Structure formats: C-alpha cells, structure tokens
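In the two complexes that follow, chain A is the common piece, with chain B as its partner first and chain C second.
Coming up: the complex of A and B.
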C-alpha cells in the first residue's frame, strides 16, 4: 500500500516536469518515466497483462516521440507564464478538489471491488472463467470470449488509425513533390 | 546495407544479436497468451518492436527488405479477416456471434491446445497488430516525421495521379 503511494508521488512529479520543462526532449523523457512507473504500478497491483501492454506500448511511443523530437526545426515555447494565470489555475484546482471531496468519501477503499464480489460480474468471471472458456488466463478469457465483440471493435480502431495515419501523412509529401515539379517547370 | 546509414557499429552488432530473441519473445507472448500473461496485442507490439529496432539501427531499408510494405498490409488485412472469420464461425457453428464454438474439455486445461478459439484469435490479433504497427512506423519514417534528415529519402511507392 505504501509502495503504491510512492509510485503515485513519482508519477505526479514526472507529469509536472513533463508539463513545465522548456526542452521538448526532457518533456518526452519525463512522459516516458511516468509511463514506466504506471507499468510498475500495474505490476504491483497484480495485473501483469496490462503491465506488459503498458511497457511495450510505452517503449514504442517513446521511440517515436524521441525520434520526432530530435529534429532541428521544432518550434520551442519561450517566455514565462503569467503569475495571474498560475494563481487562477491553483484556485481552480483547489475549488474542484473541494467540490469533489464528498464524492471521494463515498469511494470504496483502494483495490476493493466497486460492486459486491459474490454477485458482481467480475466475481462471475473469476469463478466461471476457466470452466466456461478453458483459458487459464482470466484476462484473455474475458477479452476473447466473454467480450470478444469489444475486441473486434478495438481491432477496427487500429485499422482506422492506420488509414488515418496514411491519409494525413501522405499529403505534405505530395505537396512538396508538386512544388518541386512547379519549380522545375519554371526553370 | 550501407555503412553510413543507421547508428554506430556497436548498436548494429548488438541489434543483430538481440533481434531474434525479441522476436521469439513476441511470438511466445502471442502463442501462450491464453495460459500466461500476454496475448495478441502486446505480443504483436513486441513483434513490431523488432522491426522498429531494425529501422533505428540499420535505417529504414533493411526491415523493408525483410518485410515488404505491401506484404505487411496484406498480413494486416489477413489477420483482420481471420479474426472476423473466427467470430462469424461462432455464429455458424454455435448460436451467437463470436461464440467460442470449439469443445473445451476439462482434461485440456492449462495445455497449449485448450480454450477453444482463443489461441487462434490471439494469433490473428498478433498478426494484425504486428503488421499494422510496423506499417505505422514505416509510414512515419518514410514521411520523415520520425528520423533524422540524412540525405535523400525516397517514397517506397510512387504517388498515383495529381502529377503531370
């Protein structure tokens, strides 16, 4: 329990560094540190499936972000945020925390299931997962048997993201090509 | 494999040693996804990660020589079709869409061939995720979002239309 608090404190510190630092590369590395601490937290909370996914996706995203940040022609933000804006942000954070405090009191203790364990659907998955699907890994039995329709939706999202990346990123190269052709024609 | 492209010789040698093990680990995560932590998605990302490692170390031509971009997009579509086909076979052999229609005997618990269609669906998802994330990274590196500006880079496919 205390270990997870330490991880949470480090996560908050990393997120603040990522938001406040001037250098883009430092911000990217701070985001990566936050991601790795998230995966450690998942591992500590006995969710190794999500920890593996988190660490793998984090590495891939970090590589892409670092390589994209290492270019020279990236605009950096200069100047200081005004003190009035900072004070306003702090006031808003305090107000939201105060407004949300009654709801925090209603939450169950950390890690306890939100619904009662015997009758809830998560208890059903834990009890009947092996018998109904034959998969020893309960997470996979939920993903690919009880909730396979959702997984199909996720695969569709990945497909659409690939199409979107193609559609968005192909355009500048077309434009450059066209501009070059125009220059050649003028010459 | 030109000497100038990519990172230093140390990175290249270490990459050449390590990349097979990383690929094997990804395949393990995919195949044993219904028994141990893992599954199609993380395993597919690890498999794509090997190609990302090759891209970073050797430049973008080496992984493209190992896995053509058209072949990658075909593998992507094949994985999606296999996954949808498994779901539709549940409708045909069972009673509803995406049903686990294969028999699940208690004697097969904790063995590799257990859990009905789940390992096959894991394989399909691994194929799909690996190929499509490889494609995303190749697209990013071809369109120069990722990668240092080093010399002339060519598009792998010639643009059709809009050109006179």
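Coming up: the complex of A and C.
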C-alpha cells in the first residue's frame, strides 16, 4: 500500500475521534494531530512550501482552539441534536455523495495531473517562471508575481478577520462601565 | 482511492458541523472540511514520481517540465490555508464571547435564552 493512503487513513481515524469524543480538549488535540498529518502528507506530495505554512498555521490553530476550551468550566459535551436533525444530515450527506459521483469519473487518475496532458496553464508557469520572475521556486513566483493580486486579497482578508476578532474580544473600558453604574445608581 | 478518502474526510467534517450541538465541535468540523479540500487540491496536482516545483541549476528545462508537480494548486492552497486560519480566529473569538455572555457552548440553550 502506498504511504499516502496510510496517511489518509490515519487522517480519517483522527477526524472520527475528533468528531465523536466527548471531551472537548481531546477533540481539539485530535484535530491538531490531523492537521500535522496533513502537513506531513503535503511534504510527501512534493509541496514543501505548503507543508511549512500548514505547520505554522496548525500551531496557531491549536493555541486558539485550546484557548477557547481550556479556561471554561464545561469541557465535556453531552448529547447531539434530535433524531430528525441526525436523519436530515445523513440524507444531505448521501445526496452530496450521489451528486459528487459523476465528478469522480471525470477526474484524472491519481499521479497523472492535467499538467502532464498539456491541458493546464501550469506548463506555462513552469516554462517561463524562472525567466520572467527570476524565482527558482515556481510556487513562489506564482504567489508573488503572476497571481500577486490574490496574495494581496489574502492579506486583506487575514487583516480584516483579525481586526474583527479584536473588535469582538475587546472589553468595554472601565471608565465607561463605571459611568454607567453611577447613572444607574442615581436613577 | 486517494480522492475517495479525502472525500470521506470532507463528509466527516460535514457530519460534525450538522449534527453536533457544541459550538467548538462545529468549529472543529469546519476545520476538518478545510483540511480535506486543501488536501484534495494538492492530490489533483500530484505527479507520480514527481519532484517539487523548485528548479535547481543542474536541472534542464525538459527534465523539469517532465517531472515537476503542478505548481498552481500549491500557490492557491497557501492562500486558502491562511484564509482558513482567519476564519477560525474570528469564529473562535465569537465562541468565547458567546460563552462569556451565556455561560454555555450549547446552541440549543443559547437559542432558548435569547431571541
């Protein structure tokens, strides 16, 4: 059996544990394990840039998720949604699988991408990347030259979401809260 | 086989999002779906016996074109991973705020308490 299949089976097992365990902290740790296996899989799929990015983002993800669970009193989950909700979601999953089935037949077989059939724009990037941008790493040359606008948009989204997180987590200042208390006391 | 396993991973994430009551579990399900989709895009671009799309000086252009894996999905997946982290940070901060306000992660109880 190929190594990547073994990694994928481990990922499926880890995701099942993360979905079904009752302890929230164990679920978070399981999803972190899945993330690190994903980065290992990226390394074996010859994508070193993404493997590095995935490791960094995974560490940050674990920190953020542990912060969400650790300081709270309730760390276990009980029960699920009702029977109707469960049945409905299973029906949705079956429907999506049926809808996706034709697309699986359209896919090229694993290990033979569109690039090797000359149908992809990537051949142009591979051929011209070094000459036009001077970057030996073609992924970087796409990220920072050919598709620079995507990267700018990504930075914008990241900045906006972090601003949003700060705005949500910010506490009202003590001075204001004190003033409100005083008003209520006067009333 | 590889495609089917990553599809199974996506479906586990969807199951987790649609059936769990706990907000943190829902966020975990979203995260699993994101992993599955990123992995699927990279799997599509993989070439059997391929090399990373980094051209060293001793490589001829023909050899590079013959063996390199697809660089375009890789560049897009880097963007997708970072955006996924932004989504996660925003949703976790909302979950923390909800917990501070209502004292629970259970979405049914939150619905009962307000609105």
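Assume the second predicted complex is superposed on the first by the 133 of 187 C-alpha atoms of A that agree within 3 Å, B and C clash if a C-alpha of one lies under 4 Å from a C-alpha of the other, contacts with A are read in each partner's own complex, and residues count from 1 in each chain.
Please note the rule applied: contacts are C-beta pairs under 8 Å (C-beta built on N, C-alpha and C of every residue); 3 or more make two chains touch, one makes a residue touch a chain.
Please read these numbers as outputs of a predicted model, since none were measured by experiment.
In the superposition on chain A, no contact is made by A:128 with either chain B or chain C. By the touch criterion defined above, A:11 reaches chain C but does not reach chain B. Of the two partner chains, chain B is the only one touched by A:59; chain C is not. With both structures placed on the common chain, the touch criterion links A:139 to chain B and to chain C.
Look at A:27: by the touch rule set out above, it reaches chain C but stays clear of chain B. In the superposed model, A:35 makes contact with chain C only, not with chain B. Look at A:107: by the touch rule set out above, it reaches chain C but stays clear of chain B.
By the touch criterion stated above, A:120 is placed in contact with chain C alone, chain B being left untouched.
In the superposition on chain A, contact is made by A:161 with both chain B and chain C. Note on chain A: of its two partners chain C and chain B, the one contacting more of its residues is C.
The intersection of chain A residues touching chain B with those touching chain C, taken from the two complexes, comprises 48-49, 53, 57, 60, 64, 67-68, 72, 130, 136-137, 139, 143, 151, 154, 158, 161-162, 165, 169. Listed in rising order, the residues of chain A touching chain C in the complex are 4-5, 8-9, 11-12, 15-16, 18-19, 24, 27-28, 31, 34-35, 38, 41-42, 45-50, 53-54, 57, 60-61, 64-65, 67-69, 72, 74, 77, 79-81, 85-86, 88-90, 92-93, 96-97, 100, 104, 107-108, 110-116, 120-123, 125-127, 129-130, 136-139, 142-143, 147, 150-151, 154, 157-158, 160-162, 164-165, 168-169. Across the complex, chain A meets chain B through its residues 48-49, 51-53, 56-57, 59-60, 63-64, 67-68, 70-72, 130-137, 139-141, 143-145, 148-149, 151-152, 154-155, 158-159, 161-162, 165-166, 169-170, 172-174, 177-178, 181. Across the complex, chain A is touched by residues 29, 33-42, 45-46, 48-49, 52, 56, 76, 80, 83-84, 87, 97-98, 100, 104-106, 108-110, 114-118, 121-122, 125, 128-129, 132-133, 135-137, 139-140, 143, 145-149, 155, 159, 162-164 of chain B. Contacts from chain C toward chain A in the complex involve residues 1-9, 11-16, 18-22, 24-25, 27-29, 31-32, 35, 38-39, 42-56, 61, 64-65, 68-72, 74-79, 81-90, 92-97, 99, 104-105, 108.
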